[in-house]
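So, here come the structures, one by one.
Next come two complexes built around chain A: one with chain B, the other with chain C.
Entry: the complex of A and B
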């Protein structure tokens, strides 16, 4: 008889699992005895008594798991080790329990056919786990932020070498083979592929494509820094190449904040080489460069979606000449609603206050407003001099990205937890010059299960305060969501409209509506 | 509206919390290592190896437990990732409105409707519980001590059991302590069966002494010495469990079982609740309690016989 052992350092399994292992190992032909215990002194004594103590088991600590076996022939030990690993990693649902692999290694063993790992960990640990996943030949969606740019470069270089997607860091949205990942909406399957360096930007494009009757083949996130010179668009290029190889994808949409010129050119060259039609929304970027490469530029996320859907059945030249409708509803109906809201505003009410949960949606609002109305202050200003003054949460025309770091320290993102926005809405009560409150309401997987419901009480309260002093607060909301989203789109609209909120089906339309109301009173 | 009273989405509002867990979470220990995650338990490891265990509401609490609604438990579980060096921050837990569970041993003299019963009546209650427990034919861990065919671990425990029985019958704490040392870290399980057995023994001793209105300070000293030994000789989870015995704050279902037995309110429901502790710990705890109550009551019978008319 020979004795062999397997030590699992700092391993914690419940007793039922350990009993199953004991039984299964004992049932292997050639095994005379098996003991599965934690490495306490008394258990080691016991192993000694039954002839199973050796140098390895002696060295185990009380928090190590010992699997000691007495067998006829030690050549079968490898198969026992394999069996134990299978049992420890196997889906416990077979025994009526869900299985949560405790480590990436055990997850990989548990589901070897998996090919994508989603990582959401504190930043200091995230890069190491992402690297481990890439080295296991898995694509990665890295939700975490606080990963250094050097780490990002290293991870993306490994990904490119291995032909993998390294989505992130700080990648909040993707939809791969119609499986939504992180924050994502339920959209129709179709022929439009998106590569986005912006979370809510990608979501808004997906949603609008769905509304215009199109569908998504893939939505690949890159993380917000991918088009910076230091990273050089590694993942946007990788994403474009993935879409080039994807037979389902006929039209490509790129969305990002304006990249460095050399990066933009590199990306557009790769896009050109795919031979596929494309819409490029370098939000507020250089339209001429995009046109020079034969692609279609877009001024808003909604326009990018509209033109992408049109491109599925039309040529680039045909689509270039198309005008995007300003509003989905009939002009007369919109004008009537604008006049109705404007007529209720009192003298002196003149400012727009935007409280956003989506950063790109806020950025889009800033750009549209600036183009039409002039300066608007923000915590993510278009120009440094338009940064909100210190100690002022609101200043004249304002649009705030409540998902920015300064508002999310120690609390979840405002798309999940509306608390900060609720408080900000209540504080508007004292803003006597405010005329319009502009909001985004983002639906989809990952978002709050009832985003509209979390805001209506505060909207009602602040509107009542304005009414009480003979004023009116016009509240306008753009909904980023589809009828397939888990929150029930119609119910979300109903809840907002019940409190007198003007609900528009896109952020761009919401901003345009707000501008029209302001124009009536200025 | 008072916003402090509103449970914010993404935040966790525990239903109840053990006194030690409350102390840990409110004294500023915000960061913990994720020790282990099971289907119905999440163990978080704080400074000095203190573990706090989050569990769904259908499970009974100990002084280091945080009891959550099923939904909150699942939220917490999904927010935790287990990997080497994983950290957890308490910030999403709101404790202002949480009930603190009092697990201290009641003053039996002041206990409502509590009558001290003749020893024979209590022995009958122990016998009934032993029969009900025996009918489950639990063959693993130390449960066969109370009857049934032994195993590797009961054989190893055999000599210590004799010593323990004799010491309990003579109520010699030094002997009890020496015997219990021999069980630390013995047997299978994440909390080895021997540790669960000790926990059951100490619970029975604490409650029986309280019932007899005896000064428990010497018992606390013994429990503290056992905990010191456990720190070196067994797993962190077991060490925490045995350390919690010092203050006499036992698991809710263990407390309910002891009180019901001493009040001779036999009900299998009390036993079943104990058996639900851990995966197999409940059975070993029950073994320790029944073994100890039986021995202590044997001693009482002898004393009664010795008593002159």
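Entry: the complex of A and C
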């Protein structure tokens, strides 16, 4: 095996573009390993890990493009460089011939009426650009992570002083004026305003509100750390106050992982002062606290959506007494499907394996499963002792968040690129005690253009392996998407069902279905 | 009216720094978006960036 590299000085490209190109180069015959990256310190570590760091690649700057390849025959390297050039040119022409200002300052001069700056730069540069945007009186959506909590505090303090939105860091979704931003679904306009500290949690609530016939006025993301004591809910409070003053918003939904108690109380007090009806989903948090303030708690993201839609036309007391239907389909139809799946499982098949692209969806699966069935292992466990053992990718009942940092080093998020999940699905072949594979399929802007299509081949292959040894793998998928999303919802469902996947319209329903099947065989 | 509530009543006009896919998707929805051709300041040298930021803060 030989190593070849080429440095292109002063050629900056974003990480997702380069990861997609890396994958294309890796698919070339004779290439064992390819790394197409900017010369940052982090990327040099990646190069070192695969034995491609040398004097030349070490000397590259973060502004230089590195093309480094391990290959059988180095005579094909020139054609690989040509391929990279073609792909980069294609990306450029897809983006159009528009003027691209080189800095934020010049962009503000060029488009002074701009009101929102979206930042998805590498974390170490992102905070400085976000600060500049705020000081120019622009609202900010900061998608980047790796921003320190001190920087977050500084940015949000500036934003509050100036009356601006500082969504993020690590804000994956928002919907402002009915425009989906970052990873977000196309939903109807309506009277429900959301402030969310959880990306896929907010997405799932928006999608389910749309399915229950409701609509969204605004959805404001805060980033996952906003309700930590250090930040004190600065942006959630800013968001609540804006929704309070917004005539379109009749009902408010808050969603977050359980906050620090003093922050929860502070936020609920502000919410109370708005006089608006609200559903508060502190996922797995204290229902009593929420009830004490006169708001409606929710056990699942779907329930939060259902109750928010009902609140648009009913009183809090009326909605408190309602129960969200367990399944959208008729009970008899669901029971029939459960029995059909369970009857095909062989003796000894008893575990659920969840492979998730959405962190909050995975967390919801862990909580629902624990409540009904007991312990489940994870990389984002509910208790420290349920962390997956070292070197075990799967252990007994397991649900994995494949969007967590350990799975995304050098790769795009699994909502964009299914590679890691594809590999994990194929590896299930050897898991003879597995009964159920549980998946989330997230549609919408930002996500892969055909998420179902990227998984079906691997599902087909692993199901065939189980069949060949007289077993069956029950595959259940919850779709987080709407009919308005760019991926064609019906076609996504059709692709999955064609491979025998049981498709449910929410994550909560998918988990419930999986539990019902397990109950039949345990 | 607060600036956030003003935003709710104004057409969204976006400056995008980073992933070009975000720009393309906004354009697809008919939103005005200006992509910044961003590259790391000071050639990506962390010490130089810190010095530049300090100079800017002094201004």
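In this text, the second predicted complex is superposed on the first by the 425 of 522 C-alpha atoms of A that agree within 3 Å, B and C clash if a C-alpha of one lies under 4 Å from a C-alpha of the other, contacts with A are read in each partner's own complex, and residues count from 1 in each chain.
The definition used in the following text is that contacts are C-beta pairs under 8 Å (C-beta built on N, C-alpha and C of every residue); 3 or more make two chains touch, one makes a residue touch a chain.
Fair warning: this is a prediction, and the values are worked out from it, not measured in the lab.
J.: State whether A:445 touches chain B only (first), chain C only (second), both chains, or neither.
T.: second
J.: After superposition on the shared chain, which partner residues are touched by A:283: those of chain B (first), chain C (second), both, or neither?
T.: In the superposition, A:283 touches no partner, neither chain B nor chain C.
J.: With the two complexes superposed on chain A, say which partner A:143 touches: chain B (first), chain C (second), both, or neither.
T.: second
J.: A:125 in the overlay: touching chain B, chain C, both, or neither? Say first, second, both or neither.
T.: A:125: touches chain B and chain C.
J.: Please indicate which partner A:14 is in contact with in the superposed arrangement: first for chain B, second for chain C, both, or neither.
T.: In the superposition, A:14 contacts both chain B and chain C.
J.: Applying the document's definition of touch, where does A:338 land relative to chain B and chain C: first, second, both, or neither?
T.: Neither chain B nor chain C is touched by A:338.
J.: Can A:104 be said to touch chain B (first), chain C (second), both, or neither?
T.: After superposing on A, A:104 lies in contact with both chain B and chain C.
J.: Return first, second, both or neither, reflecting whether A:238 touches chain B, chain C, both chains, or no partner chain.
T.: second
J.: Which partner does A:36 reach: the first (chain B), the second (chain C), both, or neither?
T.: The answer is first: A:36 touches chain B but not chain C.
J.: Once the two complexes are aligned on chain A, which partner has more residues of chain A within touching range, chain B or chain C?
T.: So, of the two partners, C touches more residues of chain A.
J.: Return the residues of chain A at which the contacts from chain B and from chain C coincide.
T.: Shared contact residues on chain A: 12, 14-17, 38, 40, 62-63, 98, 100, 102-104, 120-122, 125, 129.
J.: In their shared complex, at which residues does chain B touch chain A?
T.: On the chain B side, the touching residues are 1, 3, 8-11, 35-39, 43, 77, 81-87, 91-92, 140-141, 152-153, 156, 182-190, 192, 194, 233-237, 278-281.
J.: Tell me, which parts of chain C touch chain A in their complex?
T.: Per the touch definition, chain C meets chain A at residues 1-5, 7-8, 10-29, 31-32, 34-41, 43-46, 49, 53.
J.: Flag every residue of chain A that touches chain B in the complex, lowest number first.
T.: Of all residues in chain A, those touching chain B are 12-19, 22, 35-38, 40-43, 45-46, 49-50, 62-63, 92, 97-98, 100, 102-104, 120-122, 125, 129, 410-412, 416-419, 422-423, 448-449, 454, 457.
J.: For the complex, give me every residue of chain A touching chain C.
T.: 10, 12, 14-17, 38-40, 61-63, 91, 94-96, 98, 100-104, 107-108, 110-111, 113-122, 124-125, 128-129, 133, 137-139, 143-144, 162-165, 176-177, 179-182, 218, 238-239, 241-242, 245-246, 248, 445-446, 486
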